[in-house]
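Look at the two complexes coming up: chain A is in both, with chain B in one and chain C in the other.
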Partner chain A sequence: MSGEYASTLVTDETTLGERVASTVIGIGLLVFMLSVLAVARVVTEEASVLGVGLYDFLAGGLLAMGLGVFVVGVGSALGAFDTTPDETPGTVTAGAFGIIAAAAVWLATLQLGVLGPLGGFPVGLLAGAVTFVGLGLLSEDIGSTLPAVVVAVAVSGTVLTNLLTPAWLWDPEWLSAAFSGSMTIPTLTAAAALLTAWAGAKSYGGYGSEGRQAGAYLLVALNALGMLAVLLAVILFIVTKGIGPAFEGFSLYPFDWPFVLNGYSFRPDVVNGVFPAIVGTLYLVVGATVTGVPVAVAAAVFLTEYAEQGPFVGAVEIATNGLWSTPSVVYGLFGYAFLVPRLGGTTSLLSGILVLGFMLMPLCLITSREAIKSVPDEYRDASAALGVSQWETIKSVVVPAAMPGIVTGVILGVGRIAGETAPILLVMSGGLRDDAPNVLGSFEFTSAPPFVANDALLQSAPALPYQLYATITSGVSAENAVEYGWGTAFVLLVVVLSFYAVGIATRMYFRRRLNHE
Partner chain B sequence: MLGSTLFGRLPRLERASGLSTKAAAMLVVLSLSLFATFALFLLNSPLAAVPLVAFVVAVAYGWVAHQDVTARVVTLIATTSTIAILGLITVFIFYRAIPAFRVMGTGLFGFTDPVTVFGVSLPAVETFWSTGSNTYSLVPMIWGTLVTTAIAMVIAGPLGIAGALFLAEIAPPMVRDAVKPGVEILAGIPSIVYGYLGFVTLNTFLFENLRMSNLGSLFLVGLVIGLMALPTVVSVADDALTSVPASMRDGSVAMGATEWQTTKSITLPAALSGVSAAVLLGIGRAIGETMAATVIIGHSQQLPQPLADVFASTETLTSLIASQYGNADGTHLSALFAAGVVLFVTVLVLSVGARRVELRMEKKLGGDP
Partner chain C sequence: MSNTTLNETERPDDPDERTTTVGESEETIQPSWRQYHFDGDSKISVSGLDVHYGDDHALKDIGMEIPEESVTALIGPSGCGKSTFLRCLNRMNDRIRAAEIDGEVSYDGENIYGDGVNLVELRKRVGMVFQAPNPFPKSIRENVSYGPRKHGDIRTGFFDRLTGRDDREQRDRIVEESLRKAALWDEVKDRLDENALSLSGGQQQRLCIARCLAVDPDVILMDEPASALDPIATAKIEDLIEQLAEEYTVVVVTHNMQQAARISDQTAVFLTGGELVEYGDTDQIFENPNSDRVEDYITGKFG
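Up next is the complex of A and B:
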C-alpha cells in the first residue's frame, strides 16, 4: 500500500539549526495569523500586544524571523550546520523572488512618483530578471534565505522607522480605491511572514529535496487550513447572525416557532416569518423531483443497459454535459421564453417547477448513470442465466442494486436546485407574503381544455432563495429588514446543507458497506 | 425528430421481440400522441392536454400489456429528451436574441470608437447601453465577466489545486475522511447566501477600508465567486489526483524520490488533464454565477476608466440579465437574450473542452494496470 512513506533515517535530537528554523516558522505563523486578522479589521492598529502597538509587534516579529533565517542560511553556507543544499536555489524559488523583486520595484517607482504607472513597468521587469539570474549563481542555502531576509527586514524596517504608518494613504488616480496604511501594513507583513516561514521551513529540512518538501508542505498545509477556516468562518458568521432572528419568540412548550410558522404580515406586533417561502420551496423541490428524476433515471437505464456506444450516445453525452454546465440564468431565460408564455402568460410556480426539473435532470442523469454502471456485470449475467428477460433483470436486479447511488445523486441534486435563485427570479418571482400557496387544494376541473385548472400552480409563489433576494432589492421598509434577511439566509442554509449532509452521509454509508463486502 | 427516431427503431424492435399488432398499435399511438403534445404545446394551444392524456393512456396500457417493449421505448424517449431540451434552449435563446442582432448588428459588440478585433471591424456606438436611444453593446458586460472570472480563478485555481494536493497526497486518512465531505458540503452553500453576505457585510467593509468611491466592485465579485468556486475545484481536482494509480507513486518512491518530488513530477503531471478539467469547470461556474454578482455589483453599464480599475462598479453578463429582465421589452429584452447567448455559447464550449480533456485522462490512465 502506498501512503506510508515515513523515512526517519536520522533520529538524533534536534540540532541548533533546526531549532532556530522551527522558531522562525512558529513566529511566522503567529505574525501571519495576526496580520490576517488585522486585514479583516478584527484587530486594529489600536490594539497592543505585550505592551507594543500591534503593527510594531508584527514588524518586530518579522525582524526576528529575518535574523533567524539569516543565521540558518549563512550558518549553513559557512558549514556550521549539517545541511545538504543544492548548487542553485532552483527555478521556482528564483522565479518567485524575481516576481517579488519586480513587483516591489514597480510599486516603489509608483510611490516615488517617478516614471509614471507604465514607465516603472520595464524597470520592475529588469529588476526581476536581474534577481532571477543573480539567485541562479548562488548556492541553495544562501539563495533561498537571503532574499527572504531582505524582504522581511525591508518590510519591518519601513514600519519600525515609521516610513509606513497606519495614517499613510496611497490613492492612485487610476483606481476607485485607496490603500491606507492600516490595511497595507498587515497585508505586507502577512506576505513577508509567509515568505520567510517558507525559507525557514526549507532550512529546517536541511535544503535539497527534503528541504523543498518541508517548504512546500508548509505552504500546502497552511493553504488547506486557511481555506477551511475561511469557509467555516462564512458558515459560522451566517449562523451567528441568523440564529437570533430565526429563533425570535421560539418556545418549546407550548411549541411555537414564529419565524418558521408565520407568514410576512407587514404588521409590527407580529414576528414576520418565512412559512410561505418554506412551503413554496417544498413544492418546487417536490415538483422538480417528480418531473426531473424519473426522466433522468429512465435515460440512465437506456444509456447503460440498452444503448451501444455510437453517435447517438455520444450526442446524448454532449447534451447532458452541456445541460449540466449551462448557467442557471440561461435556464431562467429559456423558461421565460418557452414556458411562461405557454403556461398562463405570467410567472408561475409551474414554470419554476419545470425549469428546476430541467436543471435537476442532467445532475441526476450523470450520477444515476455512474451508479448503474458500477453494478457488477455478474449480477446481470446471473439473472440472464436464470432465463430472466432483459427488462425484468433491469427492474429487479440492476436498478435495486444501483438504488443507493441514484438516491444519493437525487439528494445532492435537490440540494443544489433548492438554493437556486436566478431561474426562479425570471420564471416564478413571488415576493414577501402572509399566506402559503395551497396547491393541493386548488385543483379544479373545467369544461374547456386543458380540463384541469390549478390557480395556485399558475401563480407566482414565494421561495426561500428568492425571498432572500427580495429582502435586498425591495429594501423591505421594516427596521429589522437586515435581521429578517439573516434569518432567511440561516434557514435556507440549514435546508440546503442538510440535503447535502444527508446525501453525502448516505453515499459514505453505502460505499463503506460496499468496501466491506 | 422524436417521431422519426421512434419509427426508425420500430422494424428492429419488431424483429427483436416479435412485436404483436396490438403492441405495434400502442407504440404508434404513443409516439404520435407525444409528438402531437409537443407540437401543440409549442403552438401554445391548451389542446395539448388531449394528446398528453392519450400518451399517458398508451404508456399505461403498454406498461400493463407489453412491459418490456414499453420500457425500452419510454427510456429511449427520456434519453432523447436531453438532446431535445438542449435543442430547445438553443433555439429559444437564439430566436429571442435575433431582434437585437437585427437592430445592432455587430454593434452588439461595439466600442465607443470603431475598432477591429480579430479582423472583424466593429462599428462605434454612442453609449454602451441605453434604452433611451435603443443602443445595446455588450462590451462592458463581457469585460466585467472576464475580469470577475479572472480574479475568481486566480483565487480558486492555485488554492484549489493546492487544497486538492493536500487532501490527496499529504493528509492522513483520518483528516481526509473528515475534510473531504466537509468540502463537498461547502460546495452546496447557495450563491444567494454568499451574495447576501457580500451585500450586507463585505460591500460596506471594502467601502470603508479601501475608501472606495462606490459600493460594489468587480474585485469583490471576483473574490466572492472565487471563494464559491473553491470547493468545486478542490473536490474535482482531488478526484483526478486520487485516480492516479498508486503503483505509479510507489515506483517513484521506490527510486528514492521524496514524496513532494513524487507529487510534483509523477502525480500532478499524470492527473494534469483531470486537474485542468476541474479548473475549466470552475471557470464555467464562475462565468455563469449570477446571484452573488447581481447583489454585490453596482450596475453601471460602462467600461471601467481606465480598464485596469478593478474596483470600479460595472456589470457582468449575468447580473445584467438578472437586474434588467423585469422592466425590459422589445429590443431591450432581446439584447438581454443576446447576453444569454454569449454566456451559453461560452460555457458550452468550455464544457465540451473539459469533457475532451477528461476523456484524454481516462484514456491515458485506463491502459495502466
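Up next is the complex of A and C:
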C-alpha cells in the first residue's frame, strides 16, 4: 500500500523544469513591469532596452516565456519532469481561456474586416465554447500551459512581424474611441506576460494543488505589490513636483524656510509661502478632533455599556451609518445654510471646525463601539465582583483596554477630514493671505453674552486643501501659481502624514501600556 | 441543560417529596439528605432559592447552610446549576438580565436579596474568583490594589498627595500581604510593575485570588478555579484553598471529584435539573452517600 506515491517526498535539488519555470516567471515580471510603465508613458516607445527597441524587447521576452512554458508543459505531459497534474485544468481555467479565445477571435474578425462588427460575435462565442470544452478534455499540464503559450506567441508574433506597430491605429466607425499601437502593444504584452507567468508559476509548483497554490500566490502577491506601487507612485509624483517649490530659498544656517514660514505677500521679490494655511489646517483638525472625538467616545460608551440593544440603539446605529456615508459636500451645505448664518454671518474658522467635527463623529463612534465591544467581559465581571461600580469599571478598565482601537478610529477620521475640500469651500473659504489666524491670542472678554469673543474664530482662515484647489483650478492670478500649487500639495501631504505619525505613536503608547508597561 | 424529564406542571406540591427521573432510576429526594448538621455558626444560609433564565428553571428550591471558615465544595455534572448557585451568593447573577431570582440568601443573618442591600459592600465581603484567570491588563501592583483604590480606601492620586494624604505605603503593605496570602509574593516581589498578563496561567489565577483578598472579604467564591490550569498549578491552588479556609469561608465549584474530596470539609451534590440532591460531610458523601444517584455520579456511572 505504501511506497506507491507518484512523486517523491523529498527533493533536495531544483529540477530543470523548476529552473525553466522560474526563469519564465522572472522574465514575465520584467516584461509586465516594463509594459505597465509603457502604458503609463513613463517609458516611451523610443526607449531601447539592451540595444533593442522597447516593443521588440517586450515581444522577444514574451516569445521566450512562451517557449519556456511550452517546454515545461509538454515535458510534463511526456513524463520528462516529476509533476502531479490533475486530469483536467479545471472549470475556472478553461472558462478564462475560453473567454480570451472568444474575445481574440471576435477582435480578429473585426480587424480583418470580415462578417461586420456584430457578425464576428457568434463566431467568437463558438471559438470560446470550443476552447472551453477542448481544454476540459486535456490534462492539467497541457491544458493550462498550451493556451498561455498560444497567447504569448500570438502577441509577440504580431509585434515582431510588424503586423502591429506603434503607428498602427484602429478607429472603428461604430465606436467613438480609437486605439493606437503605442497603447495597444504594451497593454497586450502586459496581459500576456501576466497570463504566461501564471502558467509558469503553475508549472513551477508541478501542477495539482501545489501548482494552483503557486499560481494564486503569484497573482495575490502581485496585487499587494501593485498597491504599494500605486502609493509610491502618488507620493513620488507629488514629491518630485513639489519639493522644488517647497524648498525654494531654503537654508539651514541661518535657518530659513520661506515657503513654510512666510505668508502670501503678493510681492515679487520674496518667496510666497503657505504658513497661514498650515496654521489654519492645524486649527481645523485639532479643533474638529477636540469637538468630535469626546462626543463620539462618550456616545459609544453609553450605547455599548449602558443602553440595552433595542429600537433606540438600532436607530442610533442606522443614524451613524447614514451620517458616515453622507457625502462631505452635503455636510458643507448644511454648515453653509445652518451654521454660517448663526455664527457671525460670514464663512468662518469656527463653522469649518464644527462641520469637520460632525464629519468625524460617526466614524469615531463606530470604531469606538467596536473597540469597547471587543474588551473581554471577564474584565467587567472581575471588576464587578470586587464591588467596583460600573462607571469606575468603564473609566479604569474598559476604556483603557479599548484605547488603541479608539485611537485607530481617530487616526482614520483625521485622515479623512484633514484633506477635505468641499465643506471648507462652503463654510470657510479663506483666500491667500500674509498672516496666520491667531486664534489663541484673540480671546477677549466682553460685557455682553456669551462674554467671550474671538474674532479670529469668526473670520475665514486659509487651509491647505482649499488653497490648493483655489490656486490650481480657479485661476487665482498669482505668479507661478502652478509651482505654488505643487509646493502646497507637498506640504499638505507632509502635514497629513505627520497627523498619521502622531496618531500611530499614540496608539503604540496605549498598546504598550496594555501589554508590557 | 436538560430538564425535559421534569415538567413544571408535574411538580408536586411539597417540594421536599419530589420525584426525579434520570435514565432508568427513579428516586425521591429525602429532605434529610440535604440537612447538614455542624457545630459553630453558619456564614451563609440559603432557603427556597429558585432561579429562572427565561423559561429555563435553572435552580429549584435550594436550601443550604454554609458554615464559616471551612471549604464547601459544590459538585455535579455540567448544566446542573452549581455555578448559577455560586453566582447567587454575591448577586453576580444580577448582571444577567434574563435571570429571575426568588428566595432568600442570608449573609450573617441579613437577606442579601432584601431591600436596601448595598451591592458594593456585599461584594467587598463576598469575593469571587473565576474559572479562567482574568487579571486586568495592568501591572501586578495595580491589579492587587485595584479594589481598595476604587473603593477609596487607598488614595495615591496627585491631589491626594498635594493635600498631604499619601497611602502608597499602605498600598504596598496591602499588596504584599495579599500576595503573600495567595502564595505568590516570592515569585513576583521583584517585578510588581510588570504587566500581569506576562505571568503564567497558574500565577495569574493566584494573582486574581490576591486581588480578591485585597478588599478584605469574609467569603471567597471560586468557580472551578483550577480547571484551566495544569496539574502543578492546580496543586498550588488546592493548597492555597486549604490555607485560606483557616481565615475565610470558601465555597468552591468543581468538576473534579478528587479535588472536592481532597480540599473540602463539606460537599453539596447538584444533579441535572438544578436540584440539590445531597449535602453533607465530604467523607460521608464520598464514602457512604444516601442517594443512589449521588453514588452513581461519584463512582462515575452517571454524569
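Here is the rule we use: the second predicted complex is superposed on the first by the 407 of 517 C-alpha atoms of A that agree within 3 Å, B and C clash if a C-alpha of one lies under 4 Å from a C-alpha of the other, contacts with A are read in each partner's own complex, and residues count from 1 in each chain.
By our rule, a contact is a pair of C-beta atoms (placed from the backbone, for glycine too) under 8 Å apart; a residue touches a chain by one contact, two chains touch by 3 or more.
These numbers were taken from a predicted model, which means no experiment stands behind them.
For the three-chain arrangement built by superposition, which of chain B and chain C touches the greater number of chain A residues?
After superposition, B is the partner touching more of chain A.
Between chain B and chain C, whom does A:L468 touch in the aligned arrangement: first, second, both, or neither?
first
Is A:E210 contacted by the first partner chain B, the second partner chain C, both or neither?
A:E210 contacts chain B only, not chain C.
Tell me the contact category for A:W170 with respect to chain B and chain C: first, second, both or neither.
Touch partners of A:W170: none, neither chain B nor chain C.
Which partner does A:A382 reach: the first (chain B), the second (chain C), both, or neither?
So A:A382 only meets chain C here.
State whether A:L333 touches chain B only (first), chain C only (second), both chains, or neither.
It touches chain B, and chain C stays clear.
Who does A:V397 touch here: chain B (first), chain C (second), both, or neither?
second
Is A:F510 in contact with chain B, with chain C, with both, or with neither (first, second, both, neither)?
A:F510 sits against neither chain B nor chain C.
Would you mind listing the overlap between the chain B footprint and the chain C footprint on chain A?
Residues 389, 392 of chain A touch both chain B and chain C.
Using the touch rule from the top, collect the residues of chain A that touch chain B in their complex.
So the residues of chain A in touch with chain B come to 1-3, 5, 41, 169, 171, 174-180, 182-183, 209-210, 212-213, 216-217, 219-221, 223-224, 227-228, 230-231, 234-235, 237-238, 294-296, 298-299, 301-303, 306-307, 315-334, 336-338, 341-342, 358, 361-362, 365, 389-392, 394-395, 412, 415-416, 418-422, 425-426, 448-452, 465, 468-469, 472, 482, 485-486, 489, 492-493, 496-497, 499-501, 504-505, 508.
Which of the residues in chain C come into contact with chain A in the complex?
Listed in rising order, the residues are 90, 92, 95, 97, 119-124, 127-128, 130, 132, 134-139, 146-147, 150-151, 193-195, 197-198, 208, 211-212, 215.
Would you tell me which residues of chain B are touching chain A in their complex?
41, 44, 46-50, 67-68, 71-72, 74-83, 85-86, 88-89, 92-93, 95-96, 159, 162-163, 165-167, 170-171, 173, 179, 181-197, 199-201, 205-206, 209-214, 217, 219, 227, 230-231, 234, 246, 249-250, 253, 257-261, 264, 281, 284, 287-291, 294-295, 304, 306, 308-313, 318, 321-322, 325, 336-337, 340, 343-344, 347-348, 350-352, 354-355
Using the touch definition up top, name the residues of chain A that touch chain C in the complex.
308, 376, 378-379, 381-389, 392, 396-397, 400-401, 514-517
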